[in-house]
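Order of writing sets the chain letters: A, B, C and D. Residues in each chain are counted from 1.
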Amino acid sequence: MTNPHFKELRHAYGFDDVAIVPGDVTINPEQTSVELKIGNITLDIPILAAAMDGVTDVKAAISMGKLGGLAVLNLEGIHTRYENPDKVLEEITSAPQANVTGVLQKLYSAPIQDDLVAERVREIKKGGVACGVSVTPANTKRLAPIVAEAGADILFVQSTVTTARHVSRSTRGLIFEELCKSLGIPVVVGNCVSYSACLSLMKTGVSGVMVGVGPGAACTSRSVLGIGVPQITATMDSAAARDAYYEETGRYVPIITDGGFHRGGEICKAIAAGADGVMLGSVFAQAEDSPGKGYHWGMSHPHPALPRGTRIKVGTTGTLEQILYGPTSVTDGSQNLVGALKTAMGLCGASDISEMHNADMVIAPSIVTEGKFWQFAQGQVSK
Amino acid sequence: MTNPHFKELRHAYGFDDVAIVPGDVTINPEQTSVELKIGNITLDIPILAAAMDGVTDVKAAISMGKLGGLAVLNLEGIHTRYENPDKVLEEITSAPQANVTGVLQKLYSAPIQDDLVAERVREIKKGGVACGVSVTPANTKRLAPIVAEAGADILFVQSTVTTARHVSRSTRGLIFEELCKSLGIPVVVGNCVSYSACLSLMKTGVSGVMVGVGPGAACTSRSVLGIGVPQITATMDSAAARDAYYEETGRYVPIITDGGFHRGGEICKAIAAGADGVMLGSVFAQAEDSPGKGYHWGMSHPHPALPRGTRIKVGTTGTLEQILYGPTSVTDGSQNLVGALKTAMGLCGASDISEMHNADMVIAPSIVTEGKFWQFAQGQVSK
Amino acid sequence: MTNPHFKELRHAYGFDDVAIVPGDVTINPEQTSVELKIGNITLDIPILAAAMDGVTDVKAAISMGKLGGLAVLNLEGIHTRYENPDKVLEEITSAPQANVTGVLQKLYSAPIQDDLVAERVREIKKGGVACGVSVTPANTKRLAPIVAEAGADILFVQSTVTTARHVSRSTRGLIFEELCKSLGIPVVVGNCVSYSACLSLMKTGVSGVMVGVGPGAACTSRSVLGIGVPQITATMDSAAARDAYYEETGRYVPIITDGGFHRGGEICKAIAAGADGVMLGSVFAQAEDSPGKGYHWGMSHPHPALPRGTRIKVGTTGTLEQILYGPTSVTDGSQNLVGALKTAMGLCGASDISEMHNADMVIAPSIVTEGKFWQFAQGQVSK
Amino acid sequence: MTNPHFKELRHAYGFDDVAIVPGDVTINPEQTSVELKIGNITLDIPILAAAMDGVTDVKAAISMGKLGGLAVLNLEGIHTRYENPDKVLEEITSAPQANVTGVLQKLYSAPIQDDLVAERVREIKKGGVACGVSVTPANTKRLAPIVAEAGADILFVQSTVTTARHVSRSTRGLIFEELCKSLGIPVVVGNCVSYSACLSLMKTGVSGVMVGVGPGAACTSRSVLGIGVPQITATMDSAAARDAYYEETGRYVPIITDGGFHRGGEICKAIAAGADGVMLGSVFAQAEDSPGKGYHWGMSHPHPALPRGTRIKVGTTGTLEQILYGPTSVTDGSQNLVGALKTAMGLCGASDISEMHNADMVIAPSIVTEGKFWQFAQGQVSK
């Protein structure tokens, strides 16, 4: 097919499609460093909790900070719409499943209060940890100065897809160049999934880029909009943009892969694919000490005629500390994420995240084979 | 293998095999245009309802026209065999499942009446909308002049596979060149799935080409005849033919992908793959205001010794308007199809269908992984 | 990987992995010819029934011959071990499932009687049809002269894998060159799956080659021995050998794909992949007028310490005539196989088998997608 | 993508992804040799039983040796922690499933006794067979001299991933060059999965290399750490290293593929992929005369905060002799492994293991097709 009219399709890979090849030299896991630097902030572990109300509240942000990571607070959720978010959380988690969409729509229609925005930042800082907060592009001009003044350490500007340029007849869009120059704290922007989109964002001066759009085949972006790129390819392409940008400018802009994580192995793969850090949602919604107390919900898609997120019961699996550091009694990889990452790095001979980027990977999809299927069909399934 | 005797196989892809990559620039969805031009007719939305009796009757054709699309009336079904089709529809939808094949065979053996053909066209035109009607190649010579005279706007000539040339000892086949020259209204022909077949059809002077043969692995054409091409590849190949033909002649012949659609994401993918429009059957059979009232049936394969289509219960999901424009309370992408397309185009920075043809796509199959399978086997499935 | 020590792996494809692309010209199915020539014998249809006791007896061989095909009689089964095979068939089909292996082992240990071998051939010839019979390589020297003298038209020499040369310390192996020269009737040999093995067999002077070893991933050869090649690739490679051999010698040796067929679409694909004919087992075991009366069994693997074939209940679906020519009331492609082949050839514009070899094919695997799987998991499955 | 910043991914294949192509010449299976040489030791069959307590005890090691293979005793399990291991085995296999993790943790915390190490070696040697024993790298310096002095024939040094060099701040690691020079008996080391890691190990002077890390998509290494390579690719890459090393040095170091075997076909494929021998765990845990008596357990991952192995019920299928040599009444390939290997070699025309390395293989994955899935969904499954 050399006909120029034919479109080309490239293969993309997700977590389940790949595996890491151990190295030629191994290293003691205790000698590995998993630090992540975003602008002037250094985190002990490269793990962030998502800016979702079932995942991060002030308390979780402080716990997470003390454990070495960063839980990002959503500044457009209930914490900035209500004086007393705990009561609202209680209302959400106790609503009968049949009514929950209505309850969510009502609760999230209260206005965002500027003074609560500042207050939440100060509460987190009072806990003695770095404060990361998240806004959408539409509210950035209004809220960014407030959070910077209140002492936040990192501002995340996130939407399903965020690009360096947004065309709109109605309003003058957000200009990241101006935001980064004026704000005085690191700005992390996303999400994006391609080399060129990531490179464009880095050129605006941001301090970090979030990676991940519609990573799973079953996710809403994929079924409703057809849009998405599996996370390994999205991460590899964005990492290539980061490395090209670094080679050209000498400025290293970390990328953080966001979405689709359930187990330690997936974190190891994202890092091996080039991620500097990872952001997890549902895994932390499952923490006993999370605000969602076993429930997870999002306000994902803003199109007025498309449905808003619903509440999902994810259950609880252990404390935030157990999830990050163990000890664990389960073998499915959902706990001791830091231990898993350090062990994998040891087996790859990688002493830090940057060396782990050089680990070899193979395409090794975990398809369901006929053999497995027959076993199952005949009631012989056991893991 | 450079042995010239070896046959070459090329990979083909369907909706579930690909995903769209968001663009480097985004655009406000409200600023996108999704117009489709077929000959001298312009539709506000690029969505057609299939010429099947459970999908399109006169009423549905008028509703669809007012909503901006086009529902094509089957001129070889009950509407042209019976004065009062509503009574016949009632008979079909209320038949017990066990008898339905016999009922269908009996009802569809009544003769097609020329005066009813003209009458149906006039009824649709009376509704103040564009009128699209469909015939098979075998009946085209007889019915085409009638529909043109009665005021139809577009004639669809469709069969499982329609080619520019059909070899038959018995009769002089339909010559599309002659039809197009003599008829005076746009002729849309199909279905086809390959570059060369599509190009040959365009060279006959038709105003549009339908794309899609045996798109799904489970469909009858594939299991009975082994014939079919997954829709993304069929669309990409036909789009390449259209672009090559346009480059050569300056005449733009739109292609309409037909078959296999269930969700908005699939429509977005077909457009990104190069389709100018899409034709849907079962999605609209599920409209509360469809003639099938939750049932769908076809008279698909004309070979006398192969079985004819059966009736399938598809249920109802909402009104035609909700399916096209929402608001929707479901998250599976089966409603607000236009909203989904405009949102996807916005995320790709495409201001019209033609720009959406340039969207990047990746191969990202949604296979069932072992992990998912074990979860299922252990009763832990929840979406 | 240019290291010469690395082994190369090539992709192989089966029926479910591919689909046929319709042609640029279509042809009236009634104008297609599906003749198959083996040596001096011409069959009206390219369909053979396998030499298995549940599939072919004298009566089935005659019926099949009158319908235009060829049912091959197994000369090492009950028909040559027992005077009255009907009584033995009754014993096999009525045995309780728990005892059936023992019953089979006992019944098949009776000696093969030379006079019965000759008698069965004469019985088939008395029916006025071509007579094809099958032996294994080990018994060929003894039985071949008998069948030729009794008037058989084609001798099939078949085992799991048959090669032009077999190395054995104990006995002087069968030399196909000698057999073909001395016998005076066409010899068809198999099975094989590769270009080189097929070419070697053709060079011995045989009149046909059977293709197919361990075609399905779930079949015994694949799970027990790891050996097998999916049928489309096996057929394409063998067809390439046939074409190369024909180009070199001017002698056309047909190849017959054997094994793994369930539906008309698979037959169409095998022919499009290059097969001149197909041999079916279980499909014909399902004929109401088959000797197995809904049961199917084999004596497949001769290794003494590996288990012999068991009896499988396949049920009955219609008469032999319905399976071949319809009319059919099922939509799954298991009936009207000839109609399906002619229809597919018409859609590809192929007027005979040899033209159908030029049909284009694509790789279009029918994998289970996540979407389908979730539907199933949630109890929403309907075809 | 010629951008140098893009990471490359290579396809890797497992047992279920490939199949062996039969040869152009066949050979009588009885004329094949399946000998395996490790250092100065020659085994009649290339099959080893894993160093796991449910698989190998002194009795099994003697039985296995008499049957021609080698069962490797784990020197860090109950046999060297307890005078009377049978009583401990009884305790493990009779523990209720709910308590078994605690029971295992308690039982395996007893100290390893040097005198029992020597005693177990002497007991096996007393049986008149070759003695193979296994230790982890951490205990090698202490235990290796003891086993060599006690008369062991082969020392296996195994951990999840073992490399020629291990970086640790705390201790001076094990140097394989020194071990091989000083010990006087063959040392087999593993596991590894890549060309370079395997080559590095061979250069240290070891007499054999174990191949296999996280072979299955569902295994713990893959889900917890993301690490692993499917066995066919791991074997092919290691075999390439072996051949390159042999070409350079004239020393042939056999590789033994370890893990993921369930059926004869998988053994045949591993050998065809380049393995000189195979090591099986669960297949032998299913022997009636195995120490686990139908239970299997491991102490796989040594990271203190990750969970240790649990006990799995595998059931019993036959005696060790039946599993190796038949006769068998099952058709799933789990018995008569030696017969299967010799048959497959015969069909490939391979007279010994080294010739079997030249067998052709194809990629032929056994995915679950839609057709199979619908059959299953509709309750029509039967193998």
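Following the convention adopted for this analysis, a contact is a pair of C-beta atoms (placed from the backbone, for glycine too) under 8 Å apart; a residue touches a chain by one contact, two chains touch by 3 or more.
These figures come from a predicted structure and were not determined experimentally.
Asker: With touch defined as above, tell me whether subunit B and subunit C contact each other through largely the same residue numbers, more than half shared, or through different ones.
Answerer: Looking at both copies, the contact residues mostly diverge.
Asker: If I superpose subunit A onto subunit B using their CA atoms, what angle of rotation comes out, to the nearest 5 degrees?
Answerer: 90
Asker: From the mean C-alpha coordinate of subunit A to that of subunit D, what's the distance rounded to whole Å?
Answerer: 39
Asker: Can you tell me which residues of subunit D touch two or more of the remaining chains?
Answerer: 10, 16, 217-218, 223, 365-371, 373-374, 383
Asker: Using the touch definition from the top, list the residues of subunit D that touch subunit C in their complex.
Answerer: Residue positions touching the partner: 10, 13, 16, 18-29, 31, 195, 236-237, 239-241, 243-244, 247, 263-269, 272-274, 325-333, 336, 339-340, 343-344, 347-349, 351, 360-371, 373-374, 377-378, 382-383.
Asker: What residues of subunit B sit close enough to touch subunit C in their complex?
Answerer: Subunit B reaches subunit C through residues 1, 3, 5-7, 9-12, 14, 16, 101, 160-170, 192-194, 196-197, 200, 213-214, 217-218, 220, 222-230, 233, 303-307, 310, 312-313, 365-368, 372-373, 376, 381, 383.
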